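There are structures below to look over.
Shared chain: chain A. Partners: chain B in the first complex, chain C in the second.
Take a look at the complex of A and B:
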């Protein structure tokens, strides 16, 4: 009964947000294009033969960066910015009255955006294969499913981290600067710009204990068929979700107590 | 007289926007940490590229650092002036407040390009200069007058090109209303300004010097610092900067003809 209700709520939210997102197709296409940094990085790697030193062939590396692009496309999160705007505009108050956690609304928004984004990402991948025909490959079904799962887990981790930061809006009003700070290690350590295997040893010794390599490097390695510890990676992803979820619940309940409606 | 009027107005702009930004003091501290981490991150990435190679695209590590320094300075300038103002254009057009700007007895491009200032960008500029001085020392560049004028000229040209790129994209808002994401695309393209142009493949090199002249923005000033730049390149940069600057002006006047206020 209760789960049925939640299902219906989520389904309705998704439907509403999807039609909302379809209005902004051009926006989303542009956003998909703005994610092509991994391809520039790939160009530097292969053009200077840097990959020889880390024992990854050109083909494998180009697959890696294509997958990194895909994983990034489907794990981009911007809750902080939405929530900050809503909270500064006083829009959070009506949300709080509804019998629905406002973050579910944002969650549906993100999922709907990913569905809208999917065809554009495919088009970009198509062009990528035209320029790099030798890197075409078809992952087997099991790997494909596993990498979809791990991409979704990566999205969940980032969504939880950002939601925690977003809750800081209750205290500081401008939480987006903290998000921009957190984005820097995400950018450099997640494997978006360089695969984690290429990192120097003094970084590799501790990086696998942080959540960063599981955001992009692990799902991308999995999908592209590069060597990776599948079960270990998935366990770490789930572990981080188990760490962040209670944290979010806690900070959310503390924050709503602290909430003073703005702009009303 | 006219110039004096604009200087006076600009002083007022500075005063008001500094006063409002300094309201968020912790934000500035967070932004400082972000700027430092971002610089550390990009040097880290660069060191990965160089860990087994002495040269990338013909550049040594110490020389590539100059590009980082110039990129950091220009990025600081972008964050201080271009980003806060030109994202505001989108808001002006969406809410129809551009009317108020156009009614003022002052040049509209001047007003919307310089109204706001974000002081945390200063920190990035200072950081960039520190790195630049460090690079001048480790590369044993001797400073003389002609070198200083040349580098000043090329950096100002870079600022002109950068401004024009931002401005032209923001001005297209008049037709498309929402261009946040077009700005994101520009941002991601600008990212390659962190690396020497010669480290990319031939086709990308052409793309980034003919269509979007990012190549000119950081690579040519850095070559001037190293005394590697040919005279024709500097001349070319001056010509490109002039063309871009004049066109940004023309484009704005052209776009204004199509402006039909919102909600009136």
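Take a look at the complex of A and C:
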């Protein structure tokens, strides 16, 4: 009964946010295009034959970066910026006195944006295959489903991390500056610029203890068919969610006590 | 007996405010060493509100009216004291409490800017667990009361301020709350829109017996809606009671302009013993205390040949303004 009600709320939120996102289809197409960093990285790697040093073929490397592009498209999060702006402008106030956590609105907003983004990402992939026909492959259904799950878990981890940072708005007002600090390790350790396997062994062992490689590297390796520890990766993703979720709940409950409803 | 729906005891709220001296020196000093001080904006206030009452909170800018409303609806956490609204501690924001209240803040909007208001209404309906049929029924009823129709299907960004405000109200009332917190609800609206909104609130209160707590700087909102007012001065309650009693207290004297048939009558009246404000030919303005108006008028009509007579109520803005401006005004 309760789960039905929540589902109905989420479904309506998704429907409304999707209608809203369709109003911004041009912007979303541009955002999708702006996420092509992995293709630049692929170019740098192949032109300099860097893949030879880590024993990955050109084809597998192309697939990895294409998958990294896809994972990034469906796990990109901006909740800290939305929450910060809404908080400073006083727009959070009406949401706070509704029987729905405001972060569920942002969550639905992100999912709706991903649905809107999907066709644009497919078009970009289509052009990628035209220029790299040797990279075309069809992952088996099981792997494809696991990759979708893993990408969604990656999105959840990033959403929780940013939500925790966003809640710092209750203390600092400019929480996005803290997010910028997180952006650097995310960029270098997530696998967006280079597969984590290319790092020296002692660095790798430390990286795998952080949540970063499970954001892009793990799901991208899984989808592209590169060798990876599937169950280990999925367990680590779930583990990080179990760590971040209670942390978010705690910081949210403490933060709302500090809320001053400025700007409203 | 009508029960208390809001019960506030010894409520206080302090905010930490940082201050900065002007100029480059001040900026550098502020960068390295922030000076913050605790500002007590609400000071140990207590009051009760009964179910179905419409209460106006009066006070100058920064007096603390909005802070009180924010604490009553659970938006901000009190520093000291206790609040019970409908039997709940507001700041805990329990689902059943939130389903009972609404807060409308001037031009702060909850409608989705790029979509027609109807989308936001259905979204709110699902947030408050209303099924589609019930939501449709309530949207129809409220849109008729608010006199909006086509506007429901036009993107919010293309609506006028008045239309937007009506849509905001509909969105905020779709769950039929029985306690309404309204912070400057008519801010920026034209005279007709203000009047319609007041009419709507009166009707809503009559039909649902909802309790309404209202702040407004438009005295017309207060006089036409509220029988009871709470005056807030620098975080303290300086008056809590009936509005007409407050007006009588603040303005115990009425001015009466009397047009006599002849100038002789006017001279006779001038010397009769009333307090005369001024006299121009056969027109004379006298001041009479509120409690002796009937007897004084009887005397005047019986003893003088009167052509016309006007009782001037002092402008309410001016009277209330006295309370808002003067810190130690004795009420």
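Everything below uses one rule, namely that the second predicted complex is superposed on the first by the 264 of 264 C-alpha atoms of A that agree within 3 Å, B and C clash if a C-alpha of one lies under 4 Å from a C-alpha of the other, contacts with A are read in each partner's own complex, and residues count from 1 in each chain.
Please note the rule applied: a residue touches a chain if its C-beta (ideal position, glycine included) is under 8 Å from a C-beta of that chain, and two chains touch if they have at least 3 such contacts.
In this text the structure is predicted, and so the values were computed from the model without any measurement.
Student: Under the stated touch criterion, name the partner, chain B or chain C, that contacts more residues in chain A.
Tutor: After superposition, B is the partner touching more of chain A.
Student: Please indicate which partner A:232 is in contact with in the superposed arrangement: first for chain B, second for chain C, both, or neither.
Tutor: After superposition on chain A, A:232 lies in contact with neither partner.
Student: Between chain B (first) and chain C (second), which does A:96 come into contact with in this model arrangement: first, second, both, or neither?
Tutor: In the superposition, A:96 touches chain C alone.
Student: After the superposition on A, what does A:23 contact: first (chain B), second (chain C), both or neither?
Tutor: second
Student: Taking the superposition as given, does A:119 touch the first partner, chain B, the second, chain C, both, or neither?
Tutor: neither
Student: Which partner chains sit in contact with A:43 here, chain B, chain C, both or neither? Use first/second/both/neither.
Tutor: In the superposed model, A:43 contacts chain B only, not chain C.
Student: After lining up the shared chain so the two structures overlap, which partner does A:257 touch, if you call chain B first and chain C second: first, second, both or neither?
Tutor: A:257 sits against chain C, while chain B stays out of touch.
Student: Considering each complex separately, which residues of chain A are in contact with chain B in the first and with chain C in the second?
Tutor: Shared contact residues on chain A: 24.
Student: How about chain A: which of its residues touch chain B in the complex?
Tutor: Answer in residue numbers: 24, 26-28, 30-31, 33-37, 40, 43-44, 46-50, 52-53, 172-174, 177-178, 180-181, 184-185, 187-188, 193-194, 198-200, 203.
Student: Taking the touch rule as given, give the residues of chain A at its contact with chain C in the complex, in rising order.
Tutor: Residue list for chain A touching chain C: 5, 8-9, 12-13, 16, 19-20, 23-24, 90-91, 93-100, 256-261, 264.
Student: Which positions of chain B touch chain A when the two form their complex?
Tutor: Listed in rising order, the residues are 24, 26-27, 30-31, 33-34, 37-38, 41-42, 44-45, 47-49, 51-53, 56-57, 176, 178, 180-182, 184-185, 187-188, 191-192, 195, 199-201, 204.
Student: Quick one: in the complex, what on chain C touches chain A?
Tutor: Listed in rising order, the residues of chain C that touch chain A are 15, 70, 73-77, 91, 93, 95, 98-99, 101-103, 105, 108-110, 112, 114-115, 119-120, 122-124, 126-129, 172.
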